[in-house]
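What follows is a group of structures, each given as structure tokens.
Both of the next two complexes hold chain A, though its partner changes from chain B to chain C.
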Partner chain A sequence: MSHKFGMLFFIGAALLLYSCGSGNKQSHNRSGGDKSLRQAQEVAGTGGFRWDMASGSAIKVLLNQHPYSEAIIKKIPDFEKVTGIRVEYAITPEENYFDKVTTSLNSRTGDPDIFMTGAYQIWEYAGADFIQNLDPFIQDSNLLSPDYDIEDIYPGVLGTLRWDLVPGHMTGRGPLWALPLGFELYSLAYNKKVFEKFGLTPPKTMEELIRVCEKLREFDGKGTYPIALRGSRNWGTIHPGFMSTFANYGARDFAVEDNRLVSKVNSPESVKMTEDWVRLIKTGGAPAWSGYTWYQAGADLGAGKAAMLFDADINGYFQTGKGASKEAENIAWTVMPLPEGQDEINSNLWTWAIAMNKASRNKLAAWLFLQYFTGAEYSLWSALEMNAVDPARKSVWNNPEFQAKMADREGYYETFQATIDGTRILFTPQPHFFETTTEWAATLQSIVAGKYTSVQEALDILKRKMDEAVEDVVIE
Partner chain B sequence: MQNDLASSAIDYGKKPFWVQARPYLIMAPALLITVGILYPFVTAIYYSLTNYSFRTTTFRFVGLKNWIQMFSEPEFWHAILVTGKYAVASTGTEMLLGLGIALLLSRESKFTRILRVLLIFPLMIAPVIATIIWQLMINNSVGILEKFLNLFGVYDFPWASSAKTALLTATMIDVWVYAPFVVLLILAGLQSLPKSPFDAARIDGGSAWFTFRTLTLPMLKPFIYIALIFRLMASLQEFAIIFALTKGGPGNTLMNLSITGYTTGFAYLKFGESLPYVLVLWLIIFLISRKLVSRWLLVQQTATGN
Partner chain C sequence: MMNMKIRQLSLSALRNALLSLYALFALFPIFWMILITFKSDAEMYTTTFQFHPTLYNYKEVLLRTDYFKAFLDNIIVSSGAVLVSILVGVPAAYALARYKFKGKEDLAFTILSFRFAPEILVILPLFMIYQALGIYDTYFGLIWVYQLITMPLLIWVVRGYFEDINVEIEQAAQLDGYPWYTVFLKILLPLIKPGLVAAGLLAFIFAWNSFTFPLLLSGFRIETVTVASLKYIASDTVHYGQMAVAATVAALPEVILALLIQRHLVRGLSFGAVKG
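== the complex of A and B ==
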């Protein structure tokens, strides 16, 4: 027995020593060349852009369950008719969508050719060589439709999909990794009928918001509550209203110090913001807040269970329109509540975009799909007919029919206009985004559950975890 | 000439190819299966010694770094504790409930025959679907369990959203899904027991408790052990119910070894770091099931009198 134990110890020690000495000795490269991009350019030739230049090809598309996807699915037959490309698609709920995308991309089989993504995912996928740089396509006049007009896309939205792969560098520079389907900013949606009934006006500050929540407890009997907020144990809880409010309190997630990322989540601004946010959840949040995702939060406002929703402007929007929900006619919007003394609005930005798998073997067909479903004609149709808001194209916002449609939603357009200038990605781009934000959400849940003696203690622990997560990031 | 004769003579000592190859051919399927089973396992051990990640295109050997890091993290010991608590709570409840219900259903009547069929229903539902059904049942607005608790003056019971009640909620779902499995196994055992010892005990005036303690339970032990082995192994590995219910939350309340391994691998994309969690889980299950299997062999011998 002691002999066996000795052998195990010897093997363990040998492995440990080997690891110490091996350093960066041997790497196994899993990346391949980009022959398929050159092939796409060769097939397109030099005769100018044609929608049917990849006729006869077939592509696979992976979609997240979202109104944007519903619009795409409805238009796929038209796309197939125009291009002669056959499209196979799969749709997955958001909670597990990115696990599936990551696994599929890592297999490097080229399946799917196209997938929906957000800007944060690019920070992981681009570094891993999963996504195709779209600049060569955009810059080739034989591949880009003359009608595409990339200048029509809001530069701030398109910029979130550009990144130079350097952690700590903000988005807006570097290659273009995806094209936007639409985007969202953060605001307060509320049930104006409930507000009228209680003689309330929309809150302008966080303190006012908490006071309003006190008055709206069980506003329509058991099962109703003041404000819907996301609370599930993942990044989705941090990026909407929470991150926007975090920035409005003057807090930041990371700073670059000595070429390294250092977490600032335990700063006094962050502690104050978190204390107020926890107070908001305890005063007005859903009893099952810690399980709340985008879907539940939006649905509760529409069903009349929640009087307010502090989330994406479009989440409330999807509850409006004829027959969309019980409270469809009563939902209105106002700008997000700010801390006392603050009058500048900072809103985080999320964009659903479509990207091309770097390993795709059908890049020409995939590129045509990207162009078609982010083009001006499709964007206008999807915004008017399928409620695919907020459109990323200026031409859609300037369209009179779209403006008339917006006018039906009280405060939506005004809130958008008041917020858009302060809207940008508020996170520091870094490849461990999902780890740091999931830990952040878990810490928030634990604070609400009363696990820590103080918010400061919880955020000090979170800071250590976040620093550990990004310790391998060196900014050159 | 002599040489020619020698070379053309039949060698009776030499066996034909098929005869020689027979032992290997017989072994081949078992060998293939063994390799098929062991390959992923060995691969997992290998990758646990690397910094393999979806995030980068390269990976390298890091020795025991991932293992040392895991053992030094409080999250690991918390995950061990959650795994153990969940397994004990769910398996313990299922065994007690399963035994009780099986004893009640062992009596023949029209009612018990119907109940035996109905009992299989939860087993037909995937655990994730069962969790979604339960999420509706425990919903504070429309859930039937909330309405039930309202009768006793309890409102807004926190269920899975509180650290204090999340384990209870997950255990309840586990028991609902898997207790019927224990019932069916023990029921099958009860129906296979010989009648004569029970007749003798009845004639001798033995009480129900005496008969249960000295006859039913000892003879039923092999079946109880089988149910225990299956349920304990599965509940130590539990993933679907917890993931669908809270993803391991609130906070880290339900982060067991499976969920921690999955989150580290798939959400944080650190595959090399996630594999030690899975391998430790395997080791725990292996050691416990080995102990239980040897115990099962012993009680089987005792029960059958061999």
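== the complex of A and C ==
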């Protein structure tokens, strides 16, 4: 039987290798590359921009389940009317969304033409030549609508989607790989009713935050707790409040030394920050903190189980609005607490953007889609009518109607304005991002569980693991 | 005598009480799931039974989304997959049970091996083959790939049932002058019915609950309930009420089917068919 098993395994592996091999060959034959870009430019001609220049073509769009997608779907009929392009879309829940995107892009069949992506995924996809560089489209006046004011997009947000493909180089330079639909920055949301009841003011420093947590233990009986934070063994635990605070303490994840990436997570700044963060979790975090993701953290603030939420501003936002949650009327925002003596806010960010498949065979139509759904007119409509927050365009934030809508959420607008200038991606781009940040989250869990004698010991071990993970990355 | 009766009665009362307790324990998750279908998002996290019942979740799922279409799609692909498996699998199981031919066991093992690899491991080549053949995102494509799930199960279960039937029954029918197809349809099929029904039901449940294949090999035109019901976990929040509606509706066909064919799930019909 073992002989039979061996044979089967061998045949299976050979078939798999063959399939993958033929896939790569196919990519050379089929991938759009520059040829399809030139074709798009030829079709567009030199007569200036027209929305109907790709009329009659059809594109496929892969969307993640999100308010941004709901807004897009609602406007697709309008887009089809204006452009004459037929759009087919598929929505996939976030949990499995990137499995689907990676499989589809990896096949290099050109299907889908457009997909939603985050900035961190670009570090993987752009390096693998899956995504179309958008600069040639942006720079061609025949392809860019005169109304498309790219300067209107916050530079910090647009910059996260630019990267020169060199690991260790920060985002903001190099080709543009996607255009933002919306984004989130990090701040402190709190239940103002609870704060009033206890006579508290929103904390400005980490020490104040911990002191407030001490006062809010079981603030409304058993099961209630001071602050909701993410804690699951996942990169999602590191990138919101944790990474922002990490940067505010002056710590860095990696540095480039001798053309190699070297982890700096065991620096004195990082140790101090981690000690304070662990103290915060132990003083005020949820009893089941280690299982907490975006959903539990946001839901607990909305349900009145948590008095504060240190996470994405929009996570708290989605708990507001009529009937959204029990505490919908009581949620307010303030800027994130900083370490003592620090007054400059650094916030990490996450953006949902739309990108073009490099192997797409309908690049002109795909480009028109990208432009339409990241344009100023659509951004304003989606922010006003469809909860597509935070909009990435300054003109939307300056719009009186939008400001009036935000006025119902105490402190939201002000917190955004105070934070946006210091908002950018704080991680060092590298292809093993998900591996290293997940390891980071696991270490944080172990520290909280008391598995190490000191934070320094834990971070020394984490540094070694991170160095091993990025060992193959050589910076030329 | 009296003592005996009292003892028996109390034993039976205790048994019934324990069974009722177990029934409560077993049915509570379903009860809770149905209960939250009537709760609004704002009252979702209250653990008491006091809330303001609403049909909002039902309206949202059944009328305002494509969930009903996903439900129909799932019925088409799951039933289609089981039907194809029965049409192809029953004769295959018969051949594997009755005939002696070279490589018989190897063939049976190969069929079983379809289930060895995790679906996610083989999905990329399948995705590319499906794109090349033009069967990506089609009913035909999903029914075909579902054979990896349903066919091995059906063949291996039904094969065992065929092996249980004494070959003399077939020979007796042939002696009576029946052609082979009549023997197969009129004599053998009724005898393997319990096994066929059980395997068919299990195959249907596995096909119905399949996730990876419909997630990655369809989505634009065709969508199944397993994928569609996860959509209520949006990035903004989890709409538990809507998810509960989706899960309740998704469980219905399996429950109804299981109840309808319960009487066929009786084993032992072939016992005593031949005198020793």
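The criterion applied here is as follows: the second predicted complex is superposed on the first by the 442 of 476 C-alpha atoms of A that agree within 3 Å, B and C clash if a C-alpha of one lies under 4 Å from a C-alpha of the other, contacts with A are read in each partner's own complex, and residues count from 1 in each chain.
We adopt the following convention: a residue touches a chain if its C-beta (ideal position, glycine included) is under 8 Å from a C-beta of that chain, and two chains touch if they have at least 3 such contacts.
The model shown is predicted, which means the values in this text are computed figures rather than measured ones.
Peer 1: Check whether A:Y378 is in contact with chain B, with chain C, with both or with neither, and answer first, second, both or neither.
Peer 2: After superposing on A, A:Y378 lies clear of both chain B and chain C.
Peer 1: Under the stated touch criterion, which partner chain does A:T103 make contact with: chain B (first), chain C (second), both, or neither?
Peer 2: both
Peer 1: With the two complexes superposed on chain A, say which partner A:A128 touches: chain B (first), chain C (second), both, or neither.
Peer 2: Touch partner of A:A128: chain B, not chain C.
Peer 1: Touch test for A:K305: chain B only (first), chain C only (second), both, or neither?
Peer 2: Touch status of A:K305: both partners.
Peer 1: Classify the contacts of A:R233 with the two partner chains as first (chain B alone), second (chain C alone), both, or neither.
Peer 2: First partner only, chain B.
Peer 1: Applying the document's definition of touch, where does A:F369 land relative to chain B and chain C: first, second, both, or neither?
Peer 2: Neither partner.
Peer 1: Using the touch definition from the top, say if A:W440 reaches chain B (first), chain C (second), both or neither.
Peer 2: In the superposition, A:W440 contacts neither chain B nor chain C.
Peer 1: Considering only touches as defined above, state whether A:F416 meets chain B (first), chain C (second), both or neither.
Peer 2: neither
Peer 1: Enumerate the residues of chain A that count as touching chain B in its complex and touching chain C in the other.
Peer 2: Of chain A, residues 12, 15-16, 19-20, 22, 26, 99, 103, 106, 305 contact chain B in one complex and chain C in the other.
Peer 1: Any idea which chain C residues touch chain A in the complex?
Peer 2: Listed in rising order, the residues of chain C that touch chain A are 40-45, 106, 109-110, 113, 116-117, 120-125, 127-129, 131, 136, 215-216, 219-221, 223, 227, 230-231, 233-238.
Peer 1: Provide the residue numbers of chain B that touch chain A in the complex, in ascending order.
Peer 2: Where chain B meets chain A, its residues are 49, 54-65, 135, 139-142, 150, 155-156, 158-164, 245-253, 263, 266-270.
Peer 1: Flag every residue of chain A that touches chain C in the complex, lowest number first.
Peer 2: The contact residues of chain A facing chain C are 4, 8, 12, 15-16, 19-20, 22-23, 26, 60, 62, 64-67, 88-96, 99-100, 103-104, 106-107, 109, 111, 294-295, 298-299, 302-303, 305, 314, 318-319, 323-326, 328, 352, 387.
Peer 1: Using the touch definition from the top, list the residues of chain A that touch chain B in their complex.
Peer 2: The contact residues of chain A facing chain B are 12, 15-20, 22, 24-31, 99, 102-103, 105-106, 124, 127-129, 222-224, 232-234, 286-291, 305, 431-432, 434-435, 438, 442-443, 445-446, 448-451, 469.
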